[in-house]
Structures are given as C-alpha cells and as structure tokens.
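As written, the chain order gives the labels A, B, C and D, with residue 1 at the start of each chain.
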Amino acid sequence: MSTNNTNSNWKDKLHEIIYEADTPAGKLFDIVLLIFIVASIALVMLESVHTIDKNYHKFLYYGEWVVTILFSIEYIARVITVRKPWKYIFSFYGIIDFLSTIPMYISFVFAGSHALVTLRALRLLRVFRILKIARYLGASNQLKDSIIASRVKIAVFLFAVVISSVIFGTIMYLVEGEENGFTNIPKSVYWCIVTLTTVGFGDIAPQTALGQFITSIIMILGYGIIAVPTGIVSAEYVRSTNKADKEKEQGKQPEEIQLNTQSCSNCHAMDHKDKAKYCHSCGHNLHL
Amino acid sequence: MSTNNTNSNWKDKLHEIIYEADTPAGKLFDIVLLIFIVASIALVMLESVHTIDKNYHKFLYYGEWVVTILFSIEYIARVITVRKPWKYIFSFYGIIDFLSTIPMYISFVFAGSHALVTLRALRLLRVFRILKIARYLGASNQLKDSIIASRVKIAVFLFAVVISSVIFGTIMYLVEGEENGFTNIPKSVYWCIVTLTTVGFGDIAPQTALGQFITSIIMILGYGIIAVPTGIVSAEYVRSTNKADKEKEQGKQPEEIQLNTQSCSNCHAMDHKDKAKYCHSCGHNLHL
Amino acid sequence: MSTNNTNSNWKDKLHEIIYEADTPAGKLFDIVLLIFIVASIALVMLESVHTIDKNYHKFLYYGEWVVTILFSIEYIARVITVRKPWKYIFSFYGIIDFLSTIPMYISFVFAGSHALVTLRALRLLRVFRILKIARYLGASNQLKDSIIASRVKIAVFLFAVVISSVIFGTIMYLVEGEENGFTNIPKSVYWCIVTLTTVGFGDIAPQTALGQFITSIIMILGYGIIAVPTGIVSAEYVRSTNKADKEKEQGKQPEEIQLNTQSCSNCHAMDHKDKAKYCHSCGHNLHL
Amino acid sequence: MSTNNTNSNWKDKLHEIIYEADTPAGKLFDIVLLIFIVASIALVMLESVHTIDKNYHKFLYYGEWVVTILFSIEYIARVITVRKPWKYIFSFYGIIDFLSTIPMYISFVFAGSHALVTLRALRLLRVFRILKIARYLGASNQLKDSIIASRVKIAVFLFAVVISSVIFGTIMYLVEGEENGFTNIPKSVYWCIVTLTTVGFGDIAPQTALGQFITSIIMILGYGIIAVPTGIVSAEYVRSTNKADKEKEQGKQPEEIQLNTQSCSNCHAMDHKDKAKYCHSCGHNLHL
C-alpha cells in the first residue's frame, strides 16, 4: 500500500510538472518543451531547402530523431500520469501530440508521411498556457468574446462573399473565355475570390474591355465589402470596452482572472479557480 | 362545388409546402430544393472543367436534365398554387426561377445559352428563408440597417473613387503611354481602380520613374481612402449597437423578430406577424 | 438708362440660370451641362482606343468640337454675367473651366496639348451642387468634418509610411541588388510603398531568402499600419455621430442645413442662408 | 575665470541653438539641418540611379562630401556643448548621428560601406521636434497611447498570423510541390504571408485545383483577420476620444501639453514643463 502510495505520489508530481505551469519545475518543463517544438519545426523547414539539406542532411536527420524520441517519452509520460488516459488521448492536444510524434516511425514504411511532422506547429498553441499571465489572457479573452459575439454576422458575410464569387466567377468565365486564362468555372470562382479579397496575384487577369469593366465593379465591391467585417468587430470591441469601463466606474469588480493552470489528475478538467481545492468537474482533490 | 373545394384545399396544401417553411413538409421541401440547387451549380462547374467533362460527360448531361425537369415541375407547381400567378412570374424570384429552368430547353436551338444555367446560383439566396431563425435574421437585419443608414455616404465615397480613377487614369495614360501597357484611357482607368483598391494584379505596371512616383501617390491615397467606408460602417454599427443596449437597459422590449415564413396564397405578400391570421396586404385568410 | 436696366436684368437672369440651381431653368442648365461634361470625357476616352478611333474618327472629332464650342459659349456667358469677372476667372472653377475649354484651340498649334481635355473630369465636381439636397450635403459635410478633424493624425501617419518606405526600400536595395529588379533606391522605395499598401503588383519581387524574410516583416507591418487610419476615421465618425445624437436627445436643433445655391452676382460669394436677402460678403441684393 | 565663464556662455548658447527649438536661431538651425538631411538622402537615392550617376557623378560626389563635413561639424558641436558627452554619444540619436556621418570616411577603406549613408533617413525623425506644436504632439501622443494600450492584443494577433502562415505554408508546400514554385517550406511560408496580408505579388501562385481551393480559404481568412487589428485600434481610439470629451464636459482641464523643447545641458534630459527653471532630472539650471 505504501508502495502504491509512493507510486501515486511520484505520478502526481510528474503530472504537476507536465500538465501545470504553477511550479518552477512545471514552468521549466513547458519552456523546454516549447524550445523543442520550435526547434523541430525549424528542422523540418530547413530540411525542405535543398541546398541546406544537401550539406547538413545527417545533422538534420539525427536532430529529427532526437526530437521524435523526446516527444515519444513526453507522450508516454502524459498518458501514464493521467488517471483517465483515454480522455487525454482523444482530447484535441492528445491527438496533436500523437500525430506530431508518429510520422518519423511511419516514414520507415511510407516515404511521404514524413511531411506530417509539420503538424507540430499546432503544438505551439501550448505557448498560451505559459503566457497565462493576466493581461495576455484578458487580451485573448476579449478577442475571443468579440469574435464569438459577431460569429453569426461574420457567417452571413462569408456566405455573401461566396455567393458573389460564384456569380461573378461564372460571368467572367462567359465574358473572358478559356483563351484568356479563365479555363473553367471553378478557376474563375477562385480568381474572383482573389480579386474580391484584394489579393490580386495577377496570374490570371481580364483581357477584354468588358471583362475589365466587370472586374472594376468586383474590385470596388470588394473594397466596400471589407468594411463590413471590420465594422462588426470594431463595434463589438467598442461595446465590450465600454461595458468594462462602466463596470469599473460603478465600482464593480471585473470578473477576477484566474491564473490557475492546474489540470485535474483524475478527469483532466482545467480552468479551476485560483483557490480551488477540489476539481469543479469530478470533485477530485487537486492538491493530492 | 365540393370538388372545387377539395381542389382548392389540395392547392393550398401544396402552396404551404412550396412557399412556406413552418411545417415539417415545407421545411423538407426547402432543404431538398436547396440540395438540388447546390448540386445543379456543382454540375455546371464540373462540366466546364475539360478533364472531368471528357470522362463523365454522360453523367453530367443526364444530371443536368434531371435537375432541369425537377425545376420545371417546381416552377409549374409554384405558378399553379398561387392565386395571382402573374405576380409570382414577374417577381424577382419568379424571373430567376424561370431563367434557371429554361436554358437546357433553349440549348436545343442555341448552343451558347447553356451557360445561363449558372443563374441558378442566385436561387441560393433562398437559403436565408430556411435559416430564418431569430439570430440569423437579427444579424442580417442589423447589417442591412447599417448599410442603408450609410447608403448616401457610401455613394459619395464611390463617386469620389470613380472621379479619382478617371483623373489619375488619364494622367497615367499621358505619362506612361502605350508602349508601357497603358494602351488607352479606359484601360488606364481600369488599372487605376486596380491600384486604388489595392488589388494590384501587375498585368500592367508603371515603368517610368514619373509613372512610379504618381503610382506611389495613388497607392497611399487608396490606402487612406479604404479607411472611409470602414469608418462609416463601424460608426453606424456602434450606433445601432449602443441604441439596442440602451433600450434594453431602459427595459424596452426590442422589436420582436417575426419568424413567420408564410406567404399569402392570394397576393404573394410575405413578412406577416407571427400571430397574423389575415394577410396584411390584401386581407386574405392566411390559415385557409 | 432703361436700356441699361433691361440689359442688367437680362444679365441677372442669365446669372441666375448659370450660377444657381434653385429655379427650374437653373436646374435644367446644370443637368444639361453635366451631361455634356460626361459626354466630353467619354469622347476623349473613346478617342484613345485605337479600334474605335479608326472607325469613328470623324464622329469623335466633330463631337469634340461641338463640346468645345458649347463650353466656350458657357465660359463667355459666365464671365459676362458676373459683376467682377476677374474673381471668377481666377477662382478654382474658373481656371478649370478655362483649361477644359482651351485645349482644342491650342491643338491647332501643338499636337500633344489635346490631352489636356481630360481636365474636364474635374468639372464633374460641379455635380455636388445639383445634388445639393439636405442628406447629400449632410453626408459629405460629416465626411469632410471627420477628415478635417483627423487631418493632423493622418499627416503623422503618412509621414511614418514614407519614412518606413525610405528605410526599408534602401535595405531591400542593399539585400536584393540590381540583378533582382531593385535597380536603384527610388525604385526600391516605390516597390516598398507597393508592398506596404498591400497593392503588390509583382513586377518586382524579392528573390533571395533574406529579401523574402524582410518582405514578410514589411507586409505584416503594412497589414498592421492599415489599422491606424481606419481607427482614426472610425473614432472621429463615432464621435460626430454621438454628438449629433446627444444634441437631438437634448432637444437641440441640429444646425440647419442651408439648401441655398445662389451665388452673389457682385462678388461671387456662395453659402448664403436660405432666407438671405443680401450677400453676407458684400451686401449686394441677392434677389435683384 | 571670466574667460572660463565666457567660454561656458558660448557653449551654452550653442547648446541652445543646437538642441532646442524655442529661440529663432534654434528653429533656424533645426530647419537648415532638416533640409540637409533631406538633401543628403536625395543625393544617395539619385546616386543609385545609373543614368543620373553617369551624368552628374562629380556633382553628387562633392555634394555627398559637403553634407558629410557639415554633419561632422554638427556632431562635434553636439558633443562639445553637452556637459555629459557620453550620454549623448550612446543615446539613440547620438548613435544615428554618428552612423550617418561616418560612412563616407570609411568608404576610403571599404567600398560597400557607402550604403550606410541611407541611415540618415532615421535622422528625419527629428522633424517632430520642430513640429512640436500642441496639436501635432496631441495627435502623435494619442496615437502612441492607442498603440501601447492595444500592444498585447496586437502581439496575440501577430502570433496567430505567424502560426497560421507556418501551418498553411507547409500544407501548400505538400499540395503544390516544387514544380509549381513552392520550392521549400520557408518560401511557402513567405508566400502564405504574401497571401494572408492580401499583398499577392503573383511571382508564386497555386496551379493545382486543390491548391487554389486552399488558397481561397487562406484569402478569405486573411480578409477576415484584417478586421481584428483595425477593430482593436478603433476601439482604443474611441475610448481615448470619449475619455477626453468627458473630462472636458466635467470641466476638468486636459493635461496641459508642454511645448518646451529645451534639453538640459548637463544631463541631456528633455520633456521639461513650460515654466520649468531647473532640470527635473538633475536639478541643473535650465536658463543658465
């Protein structure tokens, strides 16, 4: 029993280091992890550059394996230290962690799978946990709130953009024809999105007078349309800013920002209050 | 007389299914219609891609005919079930429905008319009726209100953009000349709109030092001009948002959003109140 | 003396027709003038298109002369009917009117001067006088106020854009060099403005890895910078909108918009109050 | 002692002329300096244009030397007249002044160093001191405050842009491959930033159908993302504008804008109050 207890304690400590950023060890772990993620992405990028790959192939290859093995150890440690491993394995980060570890092993069998390695970029999202200091959270929360509040409006807007692109794209296909680069309707629609969003690659461009006239209308339209999402997000931002300011004036405390980065070792739940002793989701003792 | 009544009942039921989205049958009809519209657009798009058309020509051709026949049946049903068919036939959707049905028939006579099929994309606008749930309507209404409120300002703005383009386009034609791609003034004006809206295809680009200097001025101007419509829409949005918030604070009920999707079988009017029993436009009994 | 009086009356009536848009005759004159301005611009544009000019050269040439002669008559009439002709001749519109009339006459002597004809586009600005109905004025006044209020801020912003372009342009010239299209520093600065404003023609594009890295920084910077003028104009707009709304709430009358389009026949001053009997600038009787 | 005093007075007067813009002599000095900075930048730019350099090489070369010698004199005068020269030498402007003076001397030894001359552009930032009139300061302060207030949000936003570019860039590398211009991942990421920021050079453009589809998503995303920084800056601007307006209404004096351009001759500190007699940083007499 005492062995079991020690074992459990050892797991709990590792859990705290891996999953939380409150203790110095936990913070260090997260920073080291981050450095390895950035390094592994840099490795993949450099490997794709022929001149670099030719000269440093061995170095890049061994580096890749070092990162893969470290990620494997980390993955296994994560699975072991959680009480309900399946919950982690099928969580968003669990899947990403797995997918960013596996490609080097598969590359023994299939050559192309190696490219999956770049999924590691998604792991960078973990950075927000380390930066979990009040102001950063505040910033991204307000951002998230504004985007959520204007979600429906943005959907309506995107729908309008897509419909316009389909209609104008088809018209341009009929007007310009295949000899001017508008070889088929999907390509025309693609060109129309390029134009509406004011990207304008120029790989395809209207040649006929009528086509150029219609393009002028599309561009001015696109120029006007860009005002809409901007207006929406601005208004939501102004509203949320005003609200926060008013509450301050009226002496109301702004909702306390919780800096707690603990995650329950039993059910993997996060977002506990700073003073929480028990998991808000399963009642498990957090300080165990 | 009883036959007539039964006949009328049968028509009214069909009317309810086709024109409204309140009953399960009506909702199903709208969703099926939508799927067929999207499918028919996809067919036209795929047909324009040579490699696909070569391999699946027969499939695409028959698919096209299936859609056309279904649309024809739908069109006839719409005409029959409305009490005043001419009102529907010459309404916005009536004309679109007709134009999106007819091309395949005409294509027996004229080859090119087939392309009109893509007008079907406009039928997609019907989607908003199915999505007629409170929040979507709210979103697009506020959008519509903001755009209507800033209509005049946007017209003034567009007028300024067009005048600037004509003046700068002519100057660039004089400066760059025909040897640098500015072959005539309309083309120069087109290029100027491309530049002012920051699209910048690059199919035509200034080559002389003076031309590049003037282009720099045009671009910075265009960069500044984009702030204007954005500022207008933002301000209108902020205002309408503030207004709604204030009314809420003062306990005023926001104008109830009406979810009624019925359309009068007599005069084709829509936008009835949720509790409406009689058509607000002609007094016809809606529940008949 | 009676002859003199009749003569004066005749002049005053012509003055009213030419310079004002209050009477039906004055409105008609302005609309006809506008049509001729648009027509004359269209003529110049079409003339620059070779295929059109070849087929319709005579028609375009005679049309040009008709417009020129009509503009000449209008210019002379304007000079005669104003009491202080020099004031008109050296006013903004006086100079434009002169410059848009003269080129065809000069083209007998110098071939190239013909192109000046396009200055007529500036005469289109007169359109605002006809559209001088309350809401249009309101719209463009608020626009003007917002731009004036944010004038200094926009100047600071433009200054920052130009400085950044000079610095980054020079860096790119050093990094990319002449073999990659950055043939000299002014061209590099031009390219930098093209990139910062997100126009991106693509006639010049970085080829080296370092150049592409610096370009990435320039682009993200430019993407961020665009937020500044938009934010400025938005804020000014919101402020002016709020102000107007508050004044309405407090029962204050908004400053009455004056629809008077009369201009004093003595001193050419405009912007008289609707009920004005005498010129606010020289005291001359407006209804004489 | 009297000699020493005279000497000191002479230095103090020169200090006032060089470092401050309050006296007519000081203002004149700053304007002359500005003209020389602009002239020296123009010289460097023109020199890089081959056709101009060939014809006016001697003129440009001597002009360069005149500017360099004047800048050297100015630099020495600045060092002499400050009581604590090291503070100036290692200040931001001190380093720029040095770096913009030295290149011509070094160019005797190393040929390429000549290009450093363009660092002079940074000296243009001095212009703000001359323009130090209330409204200009107000404008740039509000700008600075808005940017500082939204600093964290903008960092979060930029982080999101970079992550998206890395992920989408890698995907495009896999989809399009090297034969379509996406020769390696860093270049793909560069292309992705070009597209996300709506610059769109078009030197690289997707060729496959799948690549064009993904590009469409990237562009619409980029079109939406641009709304975010604009919204942030707008909201901050609206807030700071509202605050200033409220304070005015409540009769509060806005923080007085200090026009004092003096800099302490002892410790080089600036930003003294208008009525300040002694340096706020070291207590040295400012009017000495």
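The rule is simple: contacts are C-beta pairs under 8 Å (C-beta built on N, C-alpha and C of every residue); 3 or more make two chains touch, one makes a residue touch a chain.
Values in this document were obtained by computation on a predicted structure and should not be read as measured data.
Although chain A and chain B carry the same sequence, what matters here is overlap: shared residue numbers make up under half of all numbers found at their interface. Chain D is reached from chain A by a rotation of 90°, derived from superposing Cα atoms (nearest 5).
Averaging Cα coordinates per chain places chain C and chain D 33 Å apart. Between the CA-based centres of chain A and chain C the separation comes to 47 Å, rounded to the whole angstrom. Multi-chain contact residues of chain C (touching two or more other chains) are listed as 186, 189, 198-202, 226, 230, 232, 234, 236, 238. In the complex of the two chains, the chain C residues touching chain B come out as 41, 44-46, 48-50, 115, 118, 121-122, 124-125, 127, 135-136, 138-140, 142-143, 146, 154, 158, 161, 186-187, 189-190, 193-194, 196-203, 226, 229-230, 232-234, 236-238, 241-242, 245. Only residues 152-153, 155-157, 159, 163, 166-167, 170, 173-174, 183-186, 189, 195, 198-202, 205, 209, 212-213, 215-216, 219-220, 222-224, 226-228, 230-232, 234-236, 238-239 of chain C touch chain D when the two sit together in their complex. Interface residues of chain D, counted against chain B in their complex, comprise 49, 198-202, 230, 234, 238.
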